[in-house]
Amino acid sequence: MENLNGYLIVSAILFAIGTIGVLTRKNAIVIFMCIELMLNAVNLTFISLSRHLGHLDGQIFVIFIMTVAAAEAAVGLALMIAFYNNKESIDVEDVNLMKW
Amino acid sequence: MFDNVWLIPLFPLIGFLINGFFGKKIKNEAVIGGIGTLMIFMSFIVSCGILMQMIGLPPEQRVFEKVLFPWIHSGNFKADMAFLVDPLSAVMIMVVTGVGSLIHLYSIGYMHGEEGFYRFFAYLNLFCMSMLLLVLGNNMLVMFIGWEGVGLCSYLLIGYYFHKKSAGDAAKKAFVMNRVGDFGFLIGLFTLYWWFGSNHNIWTINFTEIKAASHLLPYGGVVTVATLCFFVGATGKSAQIPLFTWLPDAMEGPTPVSALIHAATMVTAGVYMIGRMSFVFIKSPDTMMVVAVIGAATAIFAATIGTAQNDIKRVLAYSTVSQLGFMFLAMGVGAFWAGIFHLMTHAFFKACMFLGSGSVIHSMHHALHKGHLHDDAQDMRNMGGLRKVMPITFITFFVSTLAIAGIFPFSGFFSKDEILWKAFSNPYHGSLNIILWGTGAIAACFTAFYMFRLVFMTFFGECRINSKVKEYLHESPLTITIPLMVLGVLATFGGFLGMPKVMGALPNYLEHWLDPVFELATEYGAKYAHAGGHESHALEWGLMGLSITIAVVGIMIALTLYVKNTGAPAKFVATFPALHRAVYNKWYVDELYDFIFVNPCKAFGQFLWKGFDVVVVDGVVNGVANVVMGFSGIFRYMQSGYIYNYAFSMVLGVVVILGYYIFK
Amino acid sequence: METLFFVIISLVAIISAILVITCKNPINSALSLIMTFFCLATYYVMLDAPFMAAIQVMVYAGAIMVLIVFTIMLLNIRVNATQKHSHKVLLGSILGIFTLINTVVLLFKSQAAKPVVGGYTGEMIKNIGHSELIGREMFTTFLLPFEITSILLLVAIIGSVILAKKKI
Amino acid sequence: MSNVLSLTTFLPILGVLLLLFIPKDSKSVLRNVTLAVTLVNFLISLTILSGFQTNAEFQFIENMPWIAAGPFVMRYNIGIDGISLWLVILTTFIMPIAVLSTYTAVEEKVKEYMICLLLLETGMLGAFISLDLFLFYIFWEVMLIPMYFMIGIWGGKNKIYAAVKFFIYTMVGSLLMLVALIFLYFKGMEAGITDFGLLQFFSLKLDMATQIWLFLAFAFAFAIKVPMFPLHTWLPDAHTEAPTAGSVILAAVLLKMGTYGYVRFAMPLFPDAAHKFAPMIATLAVIGIIYAALVAMVQEDVKKLVAYSSVAHLGFVMLGVFAFNTEGITGGMLQMLNHGISTGALFLIVGFIYERRHTRLITDFGGLSKQMPVFATIFMIVTFSSIGLPGTNGFVGEFLILIGAFESQLRWWTVVATSGVILSAVYMLWVFQRVMFGELDNPKNQKLLDLNAREIAIMVPLIVMIFVMGLYPKPFIDKMEPAINKLVSQMRVAPVNAQVIPVGLPAGHPAMEAPAAGPTMMPAGHPAVAPSSDVNTEKTVNPHEAK
């Protein structure tokens, strides 16, 4: 595998974009999607390195990450719905119950 | 019979349990009172049996111990629930059960119709049990059960009319003052136990064992400390200076209680205790002196207060304190048997007087009640001329008064004279003897004066009570008068048990009887006794005559002031108002104690609570908490509560840390 | 050829990723994200991991994204045009870029490491089959974590049901 | 039958599981099930009592591997000896009474309350039976949590403050103890100890400086729990705010953790330091006795008064325990049991009138004897037991403590402590008088009902125990005495070391001084101790020199 660096750089870029999204957007669903993006960036790293090193462990990890992501999606979206039911908004700036 | 000694305290205990648990259901006063009286009377029978058996034995075999069950055994320390029967405790159980039975019988009549009749009898039985434990205990700890038990019963019975605040106060005062004494008792016990244990490896609090080992005790030193502590205990229980103020207040209890507890039995526990440990006390000349001086001082001090009181029971109470002073004087001058002798005669005549006063109060109370008057039934100023309506009460009371005043041949004469004679002639206190004797003699004079003042004010002259109710006055019922008569007889003839040698008409039964108990003490005392130079028959006769003269003088003064020249006391009061006020207010001792101990204690407690606990300790605790709160108040502004701020900080942290490792 | 393909895919992936965070309408973001996921699936195929590509499409592009789109439509969120904190964008972007720099530098710095190479070569995967290899690993070495994952999913299901219900 | 101890300890947990399946609205079922569980547990604990052999060894031992993490090896190691036996029985004895007392007192969140009670029971029992230091620590902390909730949820007006104060006070102490525990463990590992088992540590020879620091850490933790002056201020607050059952358990069992900790851990583990600090601790104990009595005297709230009286009573316990002789420690142990019974009963009594009148101020009462004769009788018996009247349980313990302490080096302390006997009479009788005697003049009090059958049933076992222990304490003393004798002998080896080691800063050359001091102070017949003490001397002294 000669093109490892390419994959890793793409992965890094995607991760950075995800980070920027998480930090800049205020729509909770978009933030959520950005987190998914970051997770996928990590997945890419896992798989490319797995291929590079000739181990399958990395890919197994990806499967677990996907599972976690799925669970997270279910719970996270449920949270958003619950929140929306209370506040008529999913803007993270309205999530301020913990504010002093 | 000796083996059944445990029955003696058991009967009253049964009575207590029956009346305590079921008395409320039984309701019938005759049954309740009957059970109570019967139980103590059965104890009396057993005591008689024991006495009889003991009389049949030679003197050196008159000691018996009965172990009931092991009580506290821990390490070196051993205390069994065990009884000791010897001549001394035999005398005591006879007095306690005998006088106790009579007073129980009396109470059936006296307490008739009272709310909580069953409660009264339950307590009375409990008291008898405790008192019997006290005198029968073969070690200090069983004695201490009784010691505290009688204090408890005294508390309960003084507080019998618990709805009266004064009764509650008096009960508490009695218990607390007794506790001060108990403190001394415990320290004395500890000292003796520790000294024997650590020096001779004899770990014991058993009287017989201590007696056996008492030759090891040094003269003075640690013994002085221990005995002084024990004596503090005795002053608490027996109302001696400085712990005497509870006894007059204790008159808040029903009159039979005053007679039984605060005259005949409980208050003499201190005397008994010194008698029980005479072989220890005698080893400390200093303690003996302190005991004698305190006894004499109490005798005269209480007697002076007694002269100005108007409440009939209070006069008797101060008289009790004063007589107890005589007993301690006897103990202090090494005349242990004389102290016990006076204890016994005092039990007879003082119980008789208290019961007689109870009879008077009973009658007065009923009369006032029927006449719908609210005058004080105990105030002598309301009485007068009662001898006509209450002849039996009057005669018994008068006999007892003659006894306490020390008129030959009534019982008090023999015992008091013996004490005064020993105070004068004892070999222990040297030149102090004259002072002790003089104080005792003056106290005897005062005694005769205030007792006859009481008699004259109550029974002689014109009845000062409202004429409306005069016809309601009547003699008390038989249950009241029978005990009076029995006690009156005892008060008259009881003294013949201990007739002095010089008279020679009868042998001195009591001294011989108690000899096995006290001979060791006499032996120890001989080590430091001065050669007795005063022992002459002529002198003894002379002093005897002198003391009768003194008593007669006291009586004459009372006669002059309260019968012949009734205006004189008022004149006297007008001449010396300050003196009268001081005496009337008991020399302000209560106020002094309040000022020195009670109030500072309360104030200090308040200060410790509000000042130290809340301000200092909690101040530190809450202060630490407040400092933390203060800082967190500043730091919490960093916590905006917005999720994206936290996310931002997190990423920043990751970037910085990663950056540090990558670029370093 | 392959390099060119890789570059094209990369460009598509990055552009659609940027669209995810820039689109005003969440639906557009979601669609862009799906695009990115597809690109990633393509990468997986190129990396001899067809099974991963398959579940990438099925789980991510299929299940999760459908869930997200469904939620967006359910909540019917109006597009809120005004960004209250513009400094937030700036700071966020700077941080993101720093993250990127960090990662890339780390990448080049760690080139010197010579890791142990395992036995799963491209040929072998092609011969035996990717799914079988993954399955074999999964049900032998990683059996316990696999089972625990199922519990995790169960918990997530129960949790989301309870959370989303208005009245329990 | 061999694991009856575990059964006793964890039966309440089973009860908790059972309670989980009972709907929270069926309150009477919840209460009865809890009562049944605690009663069964009491019966089981009686089989422990009957199976207990009267000797000094630990019995009913269970020892299983539990956690092995790196250097730390913790084992599930439990067992009881004569010292812990009675405390276990006391706990199981008090629990049904506490549960029964909540039948009408707690109406809200009954399920949670009962769960708290049962968890608390497990925690307390576990702490008494642990022979593994770490296991002890776990149970020690487990107790804290249900108690925190009991005060914080079902408490009075100022409950949050009291709960937090209670929690933080105890936590501070126990964290210090944890540190000391870990340090001790590493010290032990150097000497070849393989796990946290308590018994191995007894034979550990520690040098004086280490002992002092470790002892202080342990003593501090336990002193808070006891509580000793001046760390006692959490107690009045916690007691006043806690619900009745909480107060009862707190007084009857939780406070015993502190004194038990001294007897089981702090003293035998660090005998030299214990000897060194005995006068200091005795001083604090005596101050506590007098101080608490004086403060109790002026309290206006009955419950607070009882709380302060606890401080005084536990001062006695500490004095007895630090007498280091059989009488004193036996007295201390008995006094722990007595205090559990008498003060528990007092709190129940306060609870009874509080339930009726919803006030605890002394001034609101007066003359209750007339209206509530049964209550008055019971109150009086308990009052006198608390005062320590001979014939009741309070006396036996107090007397043995005092006589034990008087025999030991603490003679003067004892004299002062004995005066506490007077003060206890003052404050208890005063409150009794103000509540029960006098005129029944408050109209609200004139309609008060006397105790009902349930309340009498609660009090009867306590009253019976008051007299049994007062009149025939022999079985209690006999069972605990061998263990206490063993403890005393463990403590007795120590003074030799303690005396030889110069503790202060060395002047001149310590290594030369030590042997010079050795022969003069060392009793003949202890040659075996001599070399080790020399070694210790150097160990302790050198660090100072280095500075």
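By letter and in written order, the chains are A, B, C and D; residue numbering begins at 1 in each of them.
By definition in this document, a residue touches a chain if its C-beta (ideal position, glycine included) is under 8 Å from a C-beta of that chain, and two chains touch if they have at least 3 such contacts.
Bear in mind the structure is a predicted one, so any value in this text is a computation, not a measurement.
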Fill in: Winner on C-beta contact pairs when B-D is weighed against B-C
B-D
Worksheet entry | Averaged-CA centre spacing for the pair subunit D and subunit B, given as whole angstrom | 38
Worksheet item: How big is the gap, in whole Å, between where the Cα atoms of subunit B centre and where those of subunit C centre?
Response: 96
Worksheet item: Where the centres are mean C-alpha positions, what is the separation of subunit C from subunit D, in Å?
Response: 59
Worksheet entry | Separation of subunit A from subunit D, taking each centre as the mean of its C-alpha atoms, in whole Å | 54
Response to the item:
subunit B touches at least 2 other chains through residues 644, 648, 651
Worksheet entry | Multi-partner residues of subunit C (at least 2 other chains) | 88, 91-92, 95, 99
Practice prompt. Could you draw the chains as nodes, link the ones that touch, and say if you get a line, ring, star, complete or other?
Written response: other
Worksheet item: Which two-chain combinations touch?
Response: A-B, A-C, B-C, B-D
Fill in: Touch list for subunit A against partner subunit C, complex
1, 3, 5-10, 12-27, 29-30, 32-34, 36-37, 40, 43-44, 47-48, 50-51, 53-57, 59-60, 62-64, 66-75, 77-82, 84-85, 90-91, 93
Worksheet entry | Complex interface listing, subunit C residues touching subunit A | 2-3, 6, 10, 13-14, 17-18, 20-21, 26, 29-30, 33, 36-37, 40, 43-44, 47-49, 51-52, 55-56, 59-60, 63-64, 67-68, 71-72, 74-75, 77, 80, 83-84, 88-89, 91-93, 95-97, 99-100, 103-104, 107, 115-122, 133-134, 137-138, 141-142, 145, 149, 152-153, 155-157, 159-161, 163-164, 166
Practice prompt. Could you pull out which subunit B residues touch subunit A in their complex?
Written response: 636-637, 639-644, 647-648, 651
Fill in: Touching residues (chain side subunit A, partner subunit B) in the complex
19, 22-23, 26, 92-93, 95-100
Response to the item:
Residue set of subunit D touching subunit B in the complex reads 165, 168-169, 230, 232-234, 236, 291, 294-299, 325-327, 330-331, 367, 369-370, 373, 384, 389-391, 395-396, 399-400, 402-404, 406-407, 411, 414-415, 418-419, 421-422, 425-426, 429-430, 433, 436-440, 471-474, 477-478, 481, 485
